[in-house]
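Chain lettering (A, B, C and D) follows the sequence in which the chains are written, and residue indices restart at 1 in each chain.
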Amino acid sequence: MDQLKNKKWTRDQLESVRKEVLTQWPTGKDVDLEEAFAYHQQLPRHKIFSEKLNKAHEQGKTLVQPRAGVPLIQDMIHLLTYLQDVGEADLLPTTIDSYTRQNRYQEAEMGITESARTQKAMLNGFPAVNHGVSGCRQLIDALDTPLQVRHGTPDARLLTEIAYAGGYTSYEGGGISYNIPYAKNVPLETTLRDWQYVDRLTGLYEEAGCPINREPYGPLTGTLVPPFVSHSVAIIESILAAEQGVKNITVGYGQCGNLVQDVAAIQVLQSLTDEYLRKFGYGDVKVTTVLHQWMGGFPQEESKAYAVISWGSAVAALAHATKVIVKTPHEAVGVPTQEANAAGMLCTRQIINMLGEQSLNTYSLKDEKVIIASETRCVLDRCLELGKDDMAQGAILAIRSGVLDIPFAPSRYNAGKMLPARDNDGAIRLFHTGNIPLTPELIDFHREKMEERAKYENRQASFQMVIDDVYAISKGRLVGRPKV
Amino acid sequence: MEQENGKRLVIGVIGADVHAVGIRILEFAFRQAGFQVTNLGVMVSQEEFIGAALETGADAIVVSSLYGHGELDCRGLRDKCDEAGLEGILLYVGGNIVVGKQDFNDVEKRFHEMGFDRVFPPGTTPEQAIECLNKDLGVG
Amino acid sequence: MDQLKNKKWTRDQLESVRKEVLTQWPTGKDVDLEEAFAYHQQLPRHKIFSEKLNKAHEQGKTLVQPRAGVPLIQDMIHLLTYLQDVGEADLLPTTIDSYTRQNRYQEAEMGITESARTQKAMLNGFPAVNHGVSGCRQLIDALDTPLQVRHGTPDARLLTEIAYAGGYTSYEGGGISYNIPYAKNVPLETTLRDWQYVDRLTGLYEEAGCPINREPYGPLTGTLVPPFVSHSVAIIESILAAEQGVKNITVGYGQCGNLVQDVAAIQVLQSLTDEYLRKFGYGDVKVTTVLHQWMGGFPQEESKAYAVISWGSAVAALAHATKVIVKTPHEAVGVPTQEANAAGMLCTRQIINMLGEQSLNTYSLKDEKVIIASETRCVLDRCLELGKDDMAQGAILAIRSGVLDIPFAPSRYNAGKMLPARDNDGAIRLFHTGNIPLTPELIDFHREKMEERAKYENRQASFQMVIDDVYAISKGRLVGRPKV
Amino acid sequence: MEQENGKRLVIGVIGADVHAVGIRILEFAFRQAGFQVTNLGVMVSQEEFIGAALETGADAIVVSSLYGHGELDCRGLRDKCDEAGLEGILLYVGGNIVVGKQDFNDVEKRFHEMGFDRVFPPGTTPEQAIECLNKDLGVG
């Protein structure tokens, strides 16, 4: 195979791979592109994801979206209808189960059978590949709200084919964000290539007049990820997607917990993604943002979980993110019931509506924006340098060398040399910078922030401090202070 | 760090599960408590657990499962251990081992029947796990 | 009787009234001041309200306090123990029932009997007068946390005598704040005099080395009260209390819903109260602050109620209020169960702990602080002018003329000429200024704010707009927009 | 505002209750809907309700109670109405009429037995009240 380049695939290139992809599981043979375009073209506008997002973006509103997936089609329709009608979802999800995410369709089949037999959900999501094009369309037809596939699949090519032909108008994931946090042994080159396939397919739909929104997965491991790390990934994936013809992109960010850092992060994410896309010649791409409510360990106690949910909603509202992905009071325990899911949404909605008209405009916000933007530029510019102006190669080399480094990632292709921790105000900073190519001033800034906290806590910064931070929110605070 | 206590553990996250944070912290805590730990990381198959246990002469296998498929992934592990000559090896499982918020007594019963010696609910602290290991392995 | 003056009562003056007060209900005869001082003096420090407040104030921490009251002593001990142990209360309340608040001890007695018979709470609080000194001490002895009486009693003299002798170390209320929102027919002069009694009694305890914290009731009617209105009342009551010898004062404020206005309000409340007390020669009084989570109509849905609770907690934390009074997910429906009460507290605690180390420092915060402080000064300075430098007389004349005007108050002594409404960002402004003596610039400011909203909503400002604002939070938003 | 419909209401908040906001809004809404309203405000005794109803020739007495003592405060109102010559006058009660979150069916039953024609749960909107009044008084 040729060396991977950030270059638009030809139709022939795509078709030669498609032939093989569509045979990976029997349902693949039901995909017929022309027929799928026709299906999309007859969808009413209110079922099209990008339409709703772009409208909200114009109006400065924040849309509410849950996560949800169960193994059986009828149950899934029932669940989504509930979230739409009772939970008042603006956007609906289809969360895919973990076997499908690993292309283990045989095991997913077993999970379906077992779930039908025991009347208990034995899968943690909806096995869309096994249910096939017609299975997906049952959902699309039954609901009055745009649907998105949310997963975590390194090789999502067959899933994408089926989901798109099945009528989904939004699709999460990317070659970095669905590899490094979601896999152990998959080379980055492989997933970047497989996601070029996904993006090119998305481009085909766009060219046929069927808008499909793409969402690089923002929160990564959800565990102490500094904003510039996830921003770098989001912007790289946006550039790669745009090259393949994607026109609607939502970039994401997982709440860190410090108000100023979080609001600054969302605002910088929007402006910097716009800027880089323009710079690379993709100025026609529509960019929107999503805030994920706290993605790390949650408190068990439901009333405390509501507090965490509310705080995330407040950040989304004050930053005017285009949408917010909602957690539930069951988060620490297991996949939520539909009631718990709707409860999280109603709580979120209340905050969004109370706060959506307010804005934050602080002295420190501007500083924080400058910091996040500078850090992100350091990483992105070095990526380009490494890749000799090719972002795909750059990404591979950056991850390999730790120029781009994702904390707590399971992948063995991730360097894991950088260690994050919170500063004294709860913002996420770097405790070890590893190989992140920050300027000397930024490195000083991080060191000073960590020293300030270490001094306040009267202890050395150490891995124990990081562990304390990992636990902190689930134990009821933001900064993991030592026990006294 | 405590003195080494001579006991060996094989730990890992079973199945297609990629939750990498908890197991890293368990490794750290078990080592601090004096155990020799082989951490297989995430996405570990039953065969890998057994292979590592044979290789290191482990006293216990500590299975973590967060993503909800624990019940499907753990079936038959005890039998495979027996077949491989690991009769009576201590088997722990914990994390978020089933899908959704279920009555934990039921869950515990099902996993006991599958041959696990101890079954831990969501949010178990490393300290609680260490206390049980110490007791079951006759340490300190 | 002499015309009311803001002047410290002599011991003789007090004693002549006390004789009568202590006969208002049989339990009054058990009050013995010297014995009561002795009881207070043997209380361990951790049971003394001011101690805990002042320590929190120094450390910049926010303490959590619920509301709670049931008719029977044993049930009350059980309830408070639960809130202390499960709810992790830093400070405990004793909410008094509404008959006691109206000095209807006979009806309260019936409520106790009925509650014992039916095993259902037939009173909405704890009838402390009927339970007497020994009844109160059973609570104080059973708990390890400082206790406060919270009520709404225009004539609280007997209740105070019994509560203080019973060992309470904190006491809410004041001559304006427990009249205008809590009564219909009681002249202000009467309540101001009766609260001089309460404050003088508090002074006696202070002089005997028994610190008792006094808390003017901040939120008033809880319904669209602009910050400067409640601040004016709080500062007047602080001055009147200080004159009688009160040394520990907590001034309060009910959350309005706009982040900047609320944080500014709490910060101004602290600094302005300090300033005025110093100015009047009471510089030795220790001042702390309390934020009341949203005091108006709540949403029925519990997950939405959690959102409102969380948002109030966020304000308390970011403003570093000394304590926060907690609502519960049952608020819209009825007096909460102990479980609902504890749930509200745990939710609050989670937010306080996550946010307590963060601060807000916005461009608009400084502006808002200047506005609130100027408005409050306008009212207070006119009060003094009206009262010819006597704050007690000033208050009476100010309320009568609407210089100080409390929206939605039931009292017929309140002018009710001012009408508040929200501006486009949800801050509370004046829609009719009535007789509030604002400067022309401030009046312009309010008018512009209201015009901006009216224009945005494409309707005239009217009473319908005010009604929409009254309902807004219970219907899931902050600004009551017209239906579309 | 609607045309006046000729029906007269006496409204108020009973007992020692000072919740002043809801009744003010009810007054506004009832007037808008065409009723003639006598609003007695807060802290209204049974006697005051009856006196005003007699004086105005009211078609209905609308009792609001928010603070929880509604059950104690409302006892005997129907009998007193009968004694005063207001036999059969329409009696409504609503608000937060008992202490705490109780099963509303029980509550409704108890207040029906006390002689109220309609009993409304927390959060009833003025529109719902007006619909019932129109029906029960044969308006519109």
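We adopt the following convention: a contact is a pair of C-beta atoms (placed from the backbone, for glycine too) under 8 Å apart; a residue touches a chain by one contact, two chains touch by 3 or more.
Every value quoted in this text rests on a predicted model; they were computed, and no experiment measured them.
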Geometric centre distance via CA averages, subunit D-subunit C, whole Å: 30
Geometric centre distance via CA averages, subunit C-subunit A, whole Å: 45
Interchain centroid distance [CA atoms averaged], subunit B/subunit D, Å: 65
Residue list for subunit A, restricted to those that touch at least two other chains: none
Interface hub residues of subunit D, defined as touching at least two other chains: none
Chain-level touch network, classified as line, ring, star, complete or other: line
Pairs of chains satisfying the touch condition: A-B, A-C, C-D
Subunit A partner contacts - residues on subunit B that touch it in the complex: 15-21, 24-25, 28, 41-43, 67-69, 71-72, 96, 98-102, 122-123
Footprint of subunit D on subunit C - complex, ascending: 97-99, 101-102, 104, 107, 110-111, 114, 120-124, 152, 181-185, 221, 223, 296-297, 300, 330, 332-337, 340, 408-410, 463, 467, 470, 474
Subunit C - residues contacting subunit A, complex: 257-260, 299, 301-304, 306-311, 313-314, 318, 329, 342-344, 346-351, 353-355, 357-365, 424-426, 473, 476-479
